[in-house]
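Some structures to go through are shown next.
Okay, so subunit A shows up in both of these, paired with subunit B first and subunit C after.
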Partner chain A sequence: MIAFRRSSTYITPLIFFLIVVTFFPLALGPQESLLSSLAPGVIWIAALLASLLAVETIFSEDFRDGTLDDFFISLEPSFILVFAKVMIHWLITGLPILVASSIAAIILYLPLDSFIPMLLSLLLGTSFMSLLGALGAALALGKSAILSAIIVLPFSVPTLLMGTSVITSSLNNQDFSGFLMIMGAMLALGIPGLCLLTVEALLLNYE
Partner chain B sequence: MLPNLKVENLSCVRSDKAIFDEVSFDVLPGQNIEIIGSNGSGKTTLLRTLLGLITQDKGEIVWLDDAGKYHNYRTFECLYQGHQLGIKNLLTVFENLNITKHAKGMSQEDIYKHLERVGLSNVNEFASNISVGQRKRIAMAKWLLKEFKIYFIDEPFSALDDTATLLIEKLIKELNAKGCSFVITGHRPSGIEATRVEI
Partner chain C sequence: MIKKWLIEMGSPPLFYKWSTKILPWLFISAILILGIGLFWGLLFAPTDYKQGDVYRILYIHVPSAILGQSIFMFMAFCGFINVIWRAKISGMMLKSAAPIGVSFTLLALVTGSIWGKPTWGTWWVWDARLTSTLILFFIYTALIGLHSTIDDKTKADRAVSILSIVGLAIIPVIKKSVDWWQTLHQPSTFTITSSPSMSPDMYQPLLICLIGFYLFFALLLTLNLRNEILERERTKNWVKQLLGGVG
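So, the complex of A and B:
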């Protein structure tokens, strides 16, 4: 409810994503072959940067207003609370990007056959980015907002490579399931691993 | 009657400087502890250490469980109210109370009743539009949602008018009668009956 009332949290990444994608046809011209060959990289880079725009907000407000103290003082497992925060972050930033990616695909002349692989790769990739973003946000808590994005960006390279490979493979009529499986495995390991690391990173702020 | 919490020779050192040293006290059911100290004397750090948010350098904190055994981890839920109060600006006064997990299953009327008890009638006002004193009253209403064994309240009497101060004293007395204890901090002794610990 709080996240939805703070409209800038989900509107800013969405607008950013669409603006970045729209700049490419404007800058490069409307050549269909060029834009469709660039589409996987453009969509993924825009999605990655957009999903990092709001990571700072995952814990900052709770830290400032003292709600984070309540999380750690309650006898509930902190892991569950962190996971819930990540899920909410994905719902307000990842999901709108996922929906907007269809518009981006049309702008960049991505063939219709590649829509499903693109959506699947973004579904797995943006979820993983929310987990990674939560860790960055926890490490940069109380510091500059851009710091969390800087911490996270180098670790997002595998997701970027896998995500673009899924769409490129589908464009070249190649099997892309292997890349999706790797992304799924990263997410499956990331949920427990990154949530636990995030809890530890948050606790560091109390010492 | 066994103490719910025993604190023995607790010390906390940061950057080679003792924040507090050799603090000891027991918290019996219905008893209050008032930690007195000047600004920067480590009152907040002590409360956070007791609750496990900060690790102590020396000493022991032991908690009583329902079977009458002591453990070095917390065995029951406590209420902590720090300086920040945990109030969300984007929620109304009512919503701030309603979203807490202890309000789960409570009727709207019950929540209104608690808010009325602490003198809040503007239940649909956003928390961003209310005064510091009124924010403290929302935090006080949270005390009434559940009877906790121990309430840890950081400077409960700061930024309050006389009416609110009297209300806090009354609430603490009422909760003490039900066996609840308070560990509070302050710069000088307050009007409540408590064992004072100077740091």
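So, the complex of A and C:
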């Protein structure tokens, strides 16, 4: 919870997200029809980049000051502790992105009816990204921040496609629940699977 | 019997000795079958009535695309063994297979775009199978990139193993999700469930090419793996004896 004492940790992803979103109208021109059709993709790309922004901080500080050592010595299963770290990461990146996405949707002229699908897809998608990001951070612990991004990005393709499909389908008045269910399934499998692999990856540093 | 053999193969020196024995056979069979397949496909198979002779690139394109995916499966399989049983040689195998896999995937992408230009009229289309192959290529580069940043080879192997397991889980999802997204590519050439849509004259050389490519992969993997074993075990006595005290 120390992360919350410094406001910069959760303000930075939010501002980064909004800046990236702002750049698209500047680069592509301010036509309303163009922007609203591009909005799902723009919001999702910005969300992916913003959620990867703080990814190497998940474990790096704890590794340096020895908190991570205590994780593995303590009687708690390390799986739970890793999951807690992932949830904290989501609270300081995913949640601010969720809040900022409403502003992004307004400035990109996304119709109001699509707000709920957008928020739902971001809720599931950014949580999955936090899990994936934690694994990337654990594998690239002590290495450059860009490495964990390169590791994680190819694996985030399904999230990007599903997330944009949810918003696009709702724009076209189609049923989007199927895409949400797949995102939910990925999250449900990702919580045990990715957390266990993250523990395995962290243990590599203690051999 | 099989268990004993597997345990023996898990030991680098024994594997090295065993591979010295099979290497000539592997070399001959790979060159022979690949040669027959390519000659048959490129020179003697009938010309396609719609595409002309351009279609012959398929004898390289299809096997390399299949190999690109199979090698990833193979790597993930090695990754599983490495994470669960910590077998050293499986990590080396994973490491040796990665550059071969990324080369085949790149070859599939390049030959595909050379084939696409005369038939589709463009080098690249955002089609589902092209896109998922491109993402497979990125995943390969991520694995290789991760391996090269970690100095301790055994740790690097394990890290890449973990990532390849995630890859194995997520690649079907990627393929399925890009499928929904776009599809233009012709359906798969090979399916197990139905008979091929190609004429047998074209199909048979392709099958031989595919077997040839697999053997070629086995050959390259063995050669790579032998180098990897020698490099990592260079301080051990058996390597010093083998090289006559040169190292």
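Just so it is clear, the second predicted complex is superposed on the first by the 206 of 207 C-alpha atoms of A that agree within 3 Å, B and C clash if a C-alpha of one lies under 4 Å from a C-alpha of the other, contacts with A are read in each partner's own complex, and residues count from 1 in each chain.
The rule we apply is simple: contacts are C-beta pairs under 8 Å (C-beta built on N, C-alpha and C of every residue); 3 or more make two chains touch, one makes a residue touch a chain.
Remember, predicted model here, so these are calculated numbers, not experimental data.
When both complexes are superposed on subunit A, subunit B and subunit C end up sitting side by side without clashing. After overlaying the two complexes on the shared chain, residue contacts for A:186 are found with subunit C alone; subunit B is out of touch. Vertex at subunit A: the C-alpha centres of subunit B and subunit C lie 90° apart in angle, rounded to steps of 10. Subunit A has more of its residues touched by C than by the other of subunit B and subunit C.
By the touch criterion defined above, A:139 lies against subunit C but remains apart from subunit B after alignment on the C-alpha atoms of chain A. With both structures placed on the common chain, the touch criterion links A:161 to subunit C but leaves subunit B unconnected.
Of the two partner chains placed by the overlay, only subunit C lies in contact with A:151; subunit B stays clear of it. In the superposed model, A:197 lies in contact with subunit C only, and not with subunit B.
When the shared chain is aligned, subunit B and subunit C each come close enough to touch A:207. Our summary of the superposed model lists a minimum C-alpha distance of 7 Å between subunit B and subunit C. Subunit A residues 207 lie at the interface with subunit B in one structure and with subunit C in the other. Every residue of subunit B that touches subunit A in the complex is listed here, in rising order: 48, 51-55, 74, 76-78, 80, 82-91, 95, 99, 101.
In the complex of the two chains, the subunit C residues touching subunit A come out as 83, 135, 138-139, 141-142, 145-146, 149-150, 155, 158-159, 162-163, 165-167, 169-170, 173-174, 177-178, 180-181. The touching residues of subunit A, counted against subunit B in their complex, run 1-2, 5-6, 61, 64-67, 69-70, 72-75, 203, 206-207.
For subunit A in complex with subunit C, the touching residues are 132, 135, 139-140, 143-144, 147, 150-151, 153-155, 157-158, 161-162, 165, 182, 186, 189, 193-194, 197, 200-201, 204, 207.
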